[in-house]
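Each of the next two complexes has subunit A plus one other chain: subunit B in the first, subunit C in the second.
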Partner chain A sequence: MRLPRFDYLGPDTLDEALDLLATHREEAKILAGGTDLLVRMKKGLLTPKFLISLKALNELSYIKKENDCIKIGARTSIADIIASDLIQKQARALSQACEKIGAVTIQHYRGTIGGNILQNNRCHHYNQSDFHRSGRQACHKDGGKICYARDASDRCNSTCQSDGATALMALGAKIVLASKGHERTVDLANFYTTDGIMPFAIESYELLKEIIVPAEGGSSAYQRLAYRSAIDYPIVCAGVLLKLSASQKNIIDDARIVVGAMSRSPLFLAREASSLKGKKLTDTEAFKKAADASMNSAAAFAVHNVGATLEYRCVMVSEMVFRALKSAAQDAKA
Partner chain B sequence: MSDYTIIGKRMPRVDSRAKVMGKAKFTADLKLPGMLVGKIKRSPYAHARILNIDTSKALALPGVKAIVTGKDTEGVKWGVFAYTRDQQFIQTEKARYIGDEVAGVAAVDEETALKALDLINVTYEELPAVFDPMAAMASQTELIHEEFPNNINIHVNIDTGHVDENFEKSYYIREDTFVAPEESYFQAEPYAVLARFDHDDCLEVWCPNGGPHMKSKPLSNSFKIPLHKVKIRKIAIGGAFGGRSEICPADYICALLAKKTNCPVKIVFTREENTIATRQGHAMITTHKTGVDKEGRVLARETTCYMDGGAYSSTGPIATSVPFLSMEQAYRMGSVRYNGYRVYTNKPIRGMIRVHGRGFACGLDTQLDMIAEHLGIDPVEMRLRNSRQPGEYTSTKSYVDSCAMDETIHKAVEASGWKEKWGKLPPFHGIGIGTNSVQTGFPMGIRGGSQSFIKFNEDGEATVMSGVVDNGQGNDNMLVQIAAEELGLLPEDIHLVSADTETTSSDPGSYSQVSTFVGGHAVKIAAANCREKLFEVASKILKVDPGNLAAKNRMIFVKDNPEKCVPIKKVVRVSLLNFNSVNAEGGYWPKVDMKREWVSNPYGQMCEAFSFGTTIVEVKVDPDTGQVEVLQATAAQDVGYALNPLVLEGQFEGSVAMGGQGGMLTEYHEWKDGRCLNPTMLDYKLPLACDMPKIKNIIVESLDPKGPYGAKEAGMSIAMSAAQGYSAAVSNAIGVHMDSFPLTPDKILAAIKKKKSKAD
Partner chain C sequence: MDKIDISLNINDKPFEVRVAPNDTLLEVLRDQLDLTGSKESCGEGVCGSCTVHMDDKPVRSCLTLALEAQGCNIKTVEGLANGDDLSDLQQSFIDHGAVQCGFCTPGMLMSADALLKSNPSPNEETTRKALSGNICRCTGYAKIVEAVCHAANPHDRCPDCKTDNNSGE
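Up next, the complex of A and B:
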């Protein structure tokens, strides 16, 4: 398939990139690896006039510890994150998630963490060629008025299948969005809209610059399910974070549960996680209950649009959350 | 056993270096001066009447050189058999599946061609569509093809007699139904075709194929030009697996565009087109009813199979028969009745595939396991009691000469540790066995034989001409090995001219597993004839009887006195000095029953040899996710004789990947109203190298008396039996006999839960 025509812009600095974004806005897209963007362009799903490549912006490729935070430049390659001891020790879920993204070659040569967070939502009715999408009405995400994944839906139910975003949300990450002369920091959990047409609350002139991961202790884990061992998006995934009580090391003081690949965005399940407060690390019954509750909550959002069966994916939410909780607890004990 | 020099040796393939270095040229790589880009306009509707096609806007687009529609085809229709000619190359009346060809465009570049496709305005009237064979048979709406009532395309009926009385004699009878959806080939190379008419009005075509002569004949018929004017050229091919055995409408459209523009035209399919608009494997609903005696010997079997054939006939009669034939070859049965129905639906066209009838075969083996369980017989013993033996006739009256089925079972059992594992593995670990048999060739009438020509060049090297095509399995290497062995040369001395219809004689093609048996055989005979001529000359030089001579390493020598020798090069030159060129021909025609026909007379000698394979698989199932980890696959096949064990092992491994790991665990299509939702490699879950289990290859040799060096079909019995082995292993691991394939985690988990709730 052919890539539609576009102008390639290769800024040398972040400021230049922000200048270009401010000028071209909706007409431009950021190229940060291209493993998601170029595939969608080939299918004719978007035809940006300009691609602004972050290739030369080495200033956005870093992993550093500052105070109680790990700061990651948005253009950092997936391979660098996997290789980072710091992330492996203090943000394990992210490390585990990155290991599952694409395949080793994609992690090494192309994929970036920023690109993974901003990978567009997917749906097997939408991520198709022009030919496939002809001969039937356009869906919401394609500029139409119907949804093939859920009858009578007034909005797009495309699914966010980002491994990185699910893990980062579990870790309580924030992201820094830069625009010309301005920067804002948002909680990743608040970064999503409620419509799959444009799943991210980001302006066309903004650029994802940095990811800030709190590293105040606690242990995290990420679990995902796919059909293949590589080059496969998750059909269900879960990221969890357990923080232990300062006084009693085997008691959970706070927990976060995030379920991914089941909805328009990773689902931050605060209520389900709060049931774990005060529970022992060895209380697998409590884990099971929280996992089942997560399944019940996530099931309401899910549609059959990324392969496997809907019923199976729902059941697997519970299993992935349970496994992630057990793994995080195991890690905490060690 | 052998004192062969080159045959039977582990030799790297002659084509592998060019392929791994990216030097091999595939059709999509070709460029000719003045070449145009061709694209095909396809129906976006599953079933629709074509009311009007307006090409005026597209034709007005600068850069568009020609547009062809059904009006340009003079109504020619294609079908493998005279009674299955149901497909126009470009539709004029109606479109029957999403992807059906309605027009073709040739333009100066791809961008222009794609724009032109959008500018062709086709007015359709949508018709009710059916996507399921059972619904299609019961449908009251417009038939997909007027002349086929109930949308039944093909009905194959085989009845050996005495079925009902043998059921009555049976000690135990079971009837079970098994289902499996369609599947796709995902050849590494998407389909492509380049066509041009030369200054002599000869049509020259490059395209991946399962046999160049199977392409030239229909093109000659369609364009009403003599066969010699259609020149299918040799080109590197990235896989076929049965899906490239027929002419493709794109071949015709491309040639038509080339004719209209008087320029070379190239069409390269997208991955989506390769998936939906070439061929797919049939979806099947199969009911096996089997009656056995107390010892588990099959007395009677009745099988009914409904196949979703998609929009057109394709290889319908063959496809409707082969799943049954494979099983009647593999297992003895007292009597059998088979009814196979291939039903039209508004889905993509189905054809032959390497694992043809995964649900059919797995169902039959699963049922054998169920019967064995009921009777308290070990699955291995169950197979040994029913396995095909040499010297027998199949139910449809094919004589089976060489057959080492039992040896494949015994060796696979031994190597897999079956005896230590069966019934002794921990919970959710399982082991299973599958056995199968594949034909070495189909009855193909006058096109069933192959002929080869060999000529010696003055430098002592030889040019070998053969119609055999290599579409990935290593046929080129096979021909070179055989020629080098017979001529006493080294492989690098052989120049192969093959798979070109201008320079080579008719050949049955590679898709009926017959390339070595027939095409290789022809080369062997031609080379032996050529050697005779060399010996005649050499006998005069060495002053010995030609019968005392042998050839090896570029030398001809006296058998019992190898010191006495002469270089082949010298022999050739001496012959030329005596006004005699050194060349020869040789042909091989398999002795099959020429009266056997797929539908009208499905009895008689099918082919001269059958291969037999056993695969034993050991798995571990995650009881909480239903995901399967394959610990080991042990594959044993009776290949007659292994001409090149290195290539053969590659075939075994590819077979386990396609038949087992992919075909049984992850590969299936998702649909919405006849639209394929996963036509790409990202979404159709082919296994990756890192998904593959450890594979133990066991080559069993039965030395077929008719095959060249004793060789016969090699590899496909593993693809088929791997599917059965995978399914049996999973069933064994979870304690439920599965009846719906592939065995995806959702089905496995549901079966585990169902079993658990029953137990509670």
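Up next, the complex of A and C:
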């Protein structure tokens, strides 16, 4: 399969990259590992005029601890994240999620965490070859006016299948977006739009520079379901974070539950998680209740567009959340 | 979109090639350099038949731009043997009957070779994980996994295998 034509730009510094982005804007795309972008380009889903490569920008590849945060450069490879003791110990859900991404030989060395967050949403009706798509009317994401996944939908319901983003949102991560002469920090939970055509609230001239993961204690876990244990994207996943009360170590003081692969973005379920406040780490009944509530909320968003029946995926939301909560609780006790 | 002259270091030899920005490493290997060991099957990162090493790490050459492969050491399946002397791993694939149609084999070998560099006698679980990004339609994987786990045995029949894999010969 041939790639469409483009011009390749290889900036040597971040400033140069931001200059190029400011000049070319919509006509340019950032190339990190390429394991998402190049596949979409081969399918003719986008044809950028310029690719701006991050290859020379070693300054965007790091994992470091600063105060109570772990800072990760956007170009850090999935393999480096898996290998990091710091992340393994203080942001376990991210480590577990990265291990599950695709397969060792696809992403782990070339794929990056920035590209993982910004990989485009997916849908069985859309992520197909030019030939396949040419046989039918274009859907919203393809420039048309219909949606094959949900009847009469006025917008695109493509699914965010990023393992990394789901885990990071559970950990309460923030991201730093840089543009020429400017930088802003956004909570990852507020980074998504409500339309799958352009799922991210990022400008064409902005570059994802850094991911900031709070590491103030707490225990996290990630669980996912996919057809095969490797290569395949998740069809349901869940990341959770449990924080313990300072005075009573076996009591949950605060919890976060995020369900992924069920909607246009990972779903941050604050209300469902708040039911765990004040509960004991051993209270599996409470976990079950929170997991079922998560299932009910997530079910409202999901459409049948990433494989397996919707009914099965919905039931498995509860299971994934439950397993993640149990695993986080176990980790907290240890 | 002008073509660009670049130099690629493949199997410890420098190659001068003229590439377009949208040429993948796989296309340059196969179409320009006649290194047709690496196969294109899916072309979209799923199957692993195009796996090569970049600086000792297994990667998909169908999802790597030739331009991005500059400056690193590329190894393809052609670089495993020393002349006509097959590597232990290659011999083990033959001894264990791990090759049927052979289309996945170059990719399997490259994923396995990278694993053996860090772990010369891996167990089954580690091997399966390292090969999890490579799809084979023919063998059912069992013989491939055996071949990799026992690659350190320089024998034509593997003493570690309880069943005689070559009995069909």
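Quick note on the criterion: the second predicted complex is superposed on the first by the 332 of 334 C-alpha atoms of A that agree within 3 Å, B and C clash if a C-alpha of one lies under 4 Å from a C-alpha of the other, contacts with A are read in each partner's own complex, and residues count from 1 in each chain.
Keep in mind that, in the parts below, a contact is a pair of C-beta atoms (placed from the backbone, for glycine too) under 8 Å apart; a residue touches a chain by one contact, two chains touch by 3 or more.
Only a predicted model underlies this, so the values are computations on that prediction, with no experimental measurement involved.
> For A:Gly102 in the superposed arrangement: first (subunit B), second (subunit C), both or neither?
Second partner only, subunit C.
> State whether A:Arg110 touches subunit B only (first), subunit C only (second), both chains, or neither.
In the superposition, A:Arg110 contacts subunit C only.
> Between subunit B and subunit C, whom does A:Leu3 touch in the aligned arrangement: first, second, both, or neither?
second
> Does subunit B (first) or subunit C (second) touch A:His182, or do both, or does neither?
The answer is neither, since A:His182 touches no partner chain.
> In the superposed arrangement, which partner chain does A:Lys55 touch: subunit B (first), subunit C (second), both, or neither?
Only subunit C is touched by A:Lys55; subunit B is not.
> Now for A:Gly34: first (subunit B), second (subunit C), both, or neither, which partner does it touch?
second
> Touching A:Ala230 in the superposition: subunit B (first), subunit C (second), both, neither?
So A:Ala230 meets both subunit B and subunit C here.
> Based on the superposed arrangement, let me know which partner A:His132 touches: subunit B (first), subunit C (second), both, or neither?
First partner only.
> Which residues would you name on subunit A as touching subunit B in one complex and subunit C in the other?
Residues 1-2, 39, 103, 229-231 of subunit A touch both subunit B and subunit C.
> Quick check on the complex: what are the subunit C residues that touch subunit A?
Residue list for subunit C touching subunit A: 1, 4, 20-24, 27, 40, 43-46, 48, 51, 54, 57-60, 62-65, 67-68, 111, 114, 129-130, 132-135.
> Of all residues in subunit A, which touch subunit C in the complex?
Residues 1-8, 10, 31, 34-35, 38-39, 42-43, 51, 53, 55, 79, 102-106, 109-110, 229-231.
> For subunit A, which residues are in contact with subunit B within the complex?
Checking each residue of subunit A against subunit B gives 1-2, 39, 103, 124-125, 128-129, 131-132, 134-136, 148, 225, 227-232, 307-309, 311-312, 315-316, 319.
> Can you name the residues of subunit B that touch subunit A in the complex?
42-45, 98, 110-111, 114, 270-272, 624-627, 666, 670, 672-673, 675-679, 682-683, 685, 687-688, 690-691, 744-746, 749-750
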